[in-house]
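Down below are the structures I want you to see.
Two complexes, one shared chain (chain A), two partners (chain B, chain C).
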Partner chain A sequence: MKQTASFISAYTADTSGVCSALYELGGLVIMHDASGCNSTYHTHDEPRAYYMDSAVYVSALTEMEAVMGGDDRLVNDILVAAKELNPNFIAICGTPIPLISGVDFAALATMCENKCGIPSLGIATNGMHSYLSGVSQAYQALFNRFVCPQTAKVKGAVNILGATPLDFSINSQVEDIRAFLEGQGFKIQSCWSMGSSLEEIAQSAQAEVNLVLSSDSLPLAKLFQKKYGIPYVVGVPYGEKFSQKLAGDLKAAIASGNSSVSYAKNTACKPQGIIIGESVTACSLAQSLAMDLNLNCQVVTPLAASPELLREIDRTCTDEDDLTALLKDAPLVIADGLYEPVVPSSAKFYNLPHEAFSGRMYRDKLPNLINKPLKKEN
Partner chain B sequence: MLKKVDLTQGAIAQKAIKDAPFPAPFDPTLEYSAAVRGTWNIVNTGMLIPEAHEIFVCAQGCLRGVVLTAAEMGKMERFSSIFVQENNVLNGDMESLIIDGVSDILSKLKYTPRAVLLYTSCIHHFIACDLNYVYKTLREKFPHIDFIDCYMTPTMRKSGLNPEELMCRQLYSLWHKKDLDPKRVNIIGNNLATDKESDLIKLLSTNDLKVTEIHDCHTYEDYQEMAKGAVNIFYNSVAWPAVKYLKETYGQDYLYLPTSYNYDEMNATLTKLAQYFDITLPDYSHYQELIEAKLMQAKEIIQDAPIAIDYTVSMRILSLARLLLDHGFNVCRIYADGFEAVEKDDFYYLKEHYPQLQIFSVNNFKMRFNHYSTGTKVLAIGQKAAYFTDTPYFVNTINNGGFYGFNGILKMLDLIIEAFLKEKDTAKLVQKKAWGCELI
Partner chain C sequence: MIKLAIYGKGGIGKSTTLSNISAALAEKGLKVMQIGCDPKSDSTLNLYHGTKPMMSILETMRQKGDDFTLDDVTQIGFNGVICVESGGPTPGVGCAGRGIIAALEKLNEKGAYEKFTPDVVLYDCPGDVVCGGFSMPMRQGYADMVYIVTSGENMSIYAAANIATAVANFKNRGYASLGGFILNKRNVPHEDEKVSQLAQDFSAPIVGTINRNELVQLAEDQHMCVLEAYPDSEQAQEYRKLADNILRLSQSGVK
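Take a look at the complex of A and B:
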């Protein structure tokens, strides 16, 4: 693998994933970095930045601190901010230089918590993995620290996991997922990371089932299952028919206690197109296209994906050359607009914007396909 | 829960100028990044070299901002990336990663760039990557391409040259040495092109001097012709390291001619220019009359409305504030975390004559919770001032709009009057990255 991208963009990194996951929870979130991560996150990765306040900052790391050690300054700056902002929690995550200098984020969090008494999370990101890793780590840290043990369940209650703007932007998809589930008789126990407070997140264990919207929340769903016996169902309610199937699978999971991936594992038909994207969202779209339009697509994900989240025909592909080769004979490609340079001119190309890839560039072109019958013009 | 904060207590983010030290009025804290993006970054600046290709070598997190900068400029065909991963840090193969990566990219591009701006990142310097070997190998392998070392090293921003100074110096380092032409003059160091109607360009061009700025270069040959310039003129202080390098390398002289909103200072600067080239200085007194008339007109329109100015709008915000205050305008807020050396006299003048003028931090963490309307009609001069005061009445430009001299003062006053009279969509405009980049 050459590790080059001659023509295409880059997915956002784990650091932004942490910030996106925690944005609405009233925390003090610090990226331990010089400066770049701060503007990148707030410009390209956080559509809520202009209109919704959140205490997400950068530590303003310098060369001298990286070389000589600057933990005391960092902790002091965090404590000063925490004293004035009174956050619900403190979260500290990392970037490449703290990786090089061996910063111990768990220790930093402990130092902060010991001095100010505010729950503190150390999240060892390093800016070299995708946002999925960051969201996943943040979720697991939240789970371990804040989710309260519950024995009593709320009938029909569901947690929505993985609802970050990085995968779902801010075009009402998450609101429509909530409305769809409520229309199916479910109660929304919590929605991770849009629309729920830390208090609501803390009561997540009262749910009877978890809906996994993105691969970043599968580890969290497994934690819920292991610790509280809550099953999960994987899938995004795109299209009309697949949405109905997903609702049925959620009810079945509550009844049986068994987890499932809602989209079909096998497809006998030859793919008529390729969808590039995050595994759960892309496979859900593929399933809904098959069910609503009888259009079979292969999913190619450039991101890390657990094998259980991909179907047999799907592929992971992290290299631009390999991706170009895979697309060579595709008659149809559905992908973010910044993939277009590697899509052959012979293929029909549909721009399906993905905030984690193109940021805000195509936000106004992002369709909302939640629980809507898919049509060719969609 | 997060709470409203007092900017004047604790980690202070607001103080009267009488209490502010120069050049850094505030202590450092955790830093906030306001959603205001008009200023340029190293990707935007690098794109000023025609027919050049940018390659960034860095971790995914660092790549994100630069690749989307290029994408939002519509310049992805001139941008490529090499991803640094953990194994490269641990295995010690960083040099081959860069050499192989650049070779791979160049083999696939649909055109052959005349130059490659190869940006390495903090990580290369911390692990002591042998960049000399990397560049030597690449230059041998691709002799028809000029390679220049560029840097995305924010961790080193306080060690030696800052990122803007470094980028500015490297931007002009690709020139091939040529005989100097005493009739050719360069203006360097600006992201925005200098206004062709400015006193600076007019004075030079009417005296048979050929003036070139990088923005005038449409081909790589045009860019190389700048190596013939006998003098590099600059008015943005980020170009200091560049002009010294160019003097040392190409023998080009340099002239620092900062623009100003002060008549005497501007006269002295233009006199210095005229004396250097032994040309006659025009009589600028008519300009001063025009400016005074324009100030009166502006005062009639703006009256006592509060005015906020931020550091992104000009290299001379304190000079501008001084001009306005001395003419009775109600300038009450300055948004800046630091001031340039050229502003020192204005800073102390304001300290003495307008001690209650309020200075606001931009980066202090508390500013996240202070971007709300003051309840009155505020005129903001600059995007950040508009954001923090939540006003639709603002001057939407950066870097003094490319204006210079007396003519520049007039043009800025026109923008100020227009801003007060006509509402703008602040949220839409200030979030656009790199003001003016669509013109490249």
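Take a look at the complex of A and C:
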């Protein structure tokens, strides 16, 4: 049955993505939705919820407010909460019900800001897209509102873009990416969205280059390039050899001002396996497997992906039936454990957990491959 | 780029008035885009001699998904006016307001304003502000000014006041402001006085008066606007004068 997932899970939605992107920045995040439970947005998909506070609230939209309009009540509630919490900013985000009733989030943000003076963002998430869309929208809103214009650059400074637990969990991958870059002589200007404050995010235009770790941050990287002339390099430093190449590409981008995708766009070899996942992380893994183990894999992404982030042999596949057919003859499949039901028994299956797909289910099985030589037991 | 939205009670003559305003502005050498925001998709019919509504954005999206170009959802009408219709759901199902949002966002996403580079964009909006979607054309980034078509009939004045109140309520949202009222006469008693009172109540001008004239209906019978069918008529002159007033008010930023 088309557009139906009978055996596999679904990726977490843009509503979780926006919360994840804003989680550590001291904002008051309002999800405009029915009910009062916000676990959907920032507990089940957000590992930081167990050890770090973030002011994420649900508006508790009622049926009558959806029908009759209840913007004034919402704004008043936000103002009361803002007075108590004194947040760095207010973000008002959408869900399916406001999508249908046509709530104007930018206008709500204007109303809040006019009344309390706290910078306010309206982010039109709607629960109809994947987490990548929510992260991307949050990043663009942060860029437009908070990133300060800079003329002076900090030598060797890099922004890490797209580092959310939804793609990188909490098994020290992001810390290791920081350590790897520092070991290569770079200075970490900011890390979006783990380990940097709003003040550091605001100073990110001082960087000389951006590292794009996930497709959700490509639009942000392009904004940096357009407005501040900062080039970007796409790739995750998985494996030893690819990590070295990525570091070289970052240095070359600083020297030339040109952006690049660090993994090879062409590969002449017949794929020996399939990796399912987000385009940048999956292609980076494919490249590191090719370089460290001489193993060539095709990437299949069930998520929205810009064509420039995929290689020639890769493809998008959003339908479970199509995916099942695609995997039919694959000798090797590397994917989140919840894909296993559609992997043929003839294929060798490696569980590579993805927080945005299976949440905390397999978190303890997630390997940390940052700047480590890949071996078969990895 | 000047962007204006025209609202008013259903059947009051918005589309007819707007098509003639579009034709008059285009006659002055301006590049005009008229966007119908009514599920009936009949705003621009008389600009392109249509006997049935053109393919709307929403119908195209339903049939082709995202696989279409701007040429698939536009027609070039009289005097080169670029005609677009948002469309809407089958009556009785779906959500027309949400449809307007989806259509206008898609038009934006497809780069319509960059491709056609219109000097003037006119949104023809349904009878009243009734849900979030119907206010879309007056939101930030869309129309800068709202004009309301009304006659002296009580129900029309009531609807016009309702719309003007909504525009005033939206002031703190950064939406479009009220440009004024257009009196489309039905020859009811005390018509001028009643509409003058309305304008006074909202501190807005009457930007033009269109007298009732059978040429309007005769032009529509030929699937044309008055400026095309009867360009030298007094009625055509009234539309030209109205278009001039709106243009002058919009250019000077008088609200």
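In this text, the second predicted complex is superposed on the first by the 375 of 378 C-alpha atoms of A that agree within 3 Å, B and C clash if a C-alpha of one lies under 4 Å from a C-alpha of the other, contacts with A are read in each partner's own complex, and residues count from 1 in each chain.
Note that in this section a contact is a pair of C-beta atoms (placed from the backbone, for glycine too) under 8 Å apart; a residue touches a chain by one contact, two chains touch by 3 or more.
Computed from a prediction, not measured in an experiment: that's the story for all the values here.
Q: Is A:A305 touching anything from chain B or chain C once the two structures are fitted on A? First, second, both or neither.
A: neither
Q: Who touches more of chain A, chain B or chain C?
A: Touched residues of chain A are more numerous for B.
Q: Could you say whether A:S59 touches chain B, chain C, both of them, or neither, answering first, second, both or neither?
A: First partner only.
Q: Can A:I30 be said to touch chain B (first), chain C (second), both, or neither?
A: first
Q: For A:V80, decide between first (touching chain B), second (touching chain C), both and neither.
A: The first partner, chain B, only.
Q: Examine A:I90 and indicate which partner it touches, taking first as chain B and second as chain C; both and neither are also allowed.
A: Neither partner.
Q: Tell me the contact category for A:G359 with respect to chain B and chain C: first, second, both or neither.
A: It touches chain B, and chain C stays clear.
Q: Determine, under the contact definition given at the top, whether A:L99 touches first (chain B), second (chain C), both, or neither.
A: The answer is both, since A:L99 touches chain B and chain C.
Q: In the overlaid three-chain picture, which partner chain does A:V18 touch, first (chain B) or second (chain C), both, or neither?
A: After superposition on chain A, A:V18 lies in contact with neither partner.
Q: Do chain B and chain C touch any of the same residues on chain A, and if so, which?
A: Common interface on chain A, chain B vs chain C: 99-101.
Q: For the complex, give me every residue of chain A touching chain C.
A: Residues 69, 99-104, 106-108, 110-111, 114 of chain A touch chain C in their complex.
Q: Which stretch or stretches of chain A touch chain B in the complex?
A: Touching chain B: residues 2-16, 26, 30, 33-45, 49-50, 53-55, 57-64, 66, 77-78, 80-81, 83-88, 95-97, 99-101, 126-130, 338, 341, 358-361 of chain A.
Q: Mind listing the chain B positions that touch chain A in their complex?
A: By the definition above, chain B touches chain A via 1-3, 5, 10-11, 28-35, 37, 58-65, 67-68, 71-72, 76-77, 80-86, 88-89, 97, 100-101, 104-105, 108-109, 121-123, 126-127, 152, 154-159, 363, 365-366, 368-369, 427, 431, 433.
Q: Enumerate the contact residues on chain C facing chain A in the complex.
A: So the residues of chain C touching chain A come out as 95, 97-98, 101, 131-133, 135-136, 139-140, 170, 172-175.
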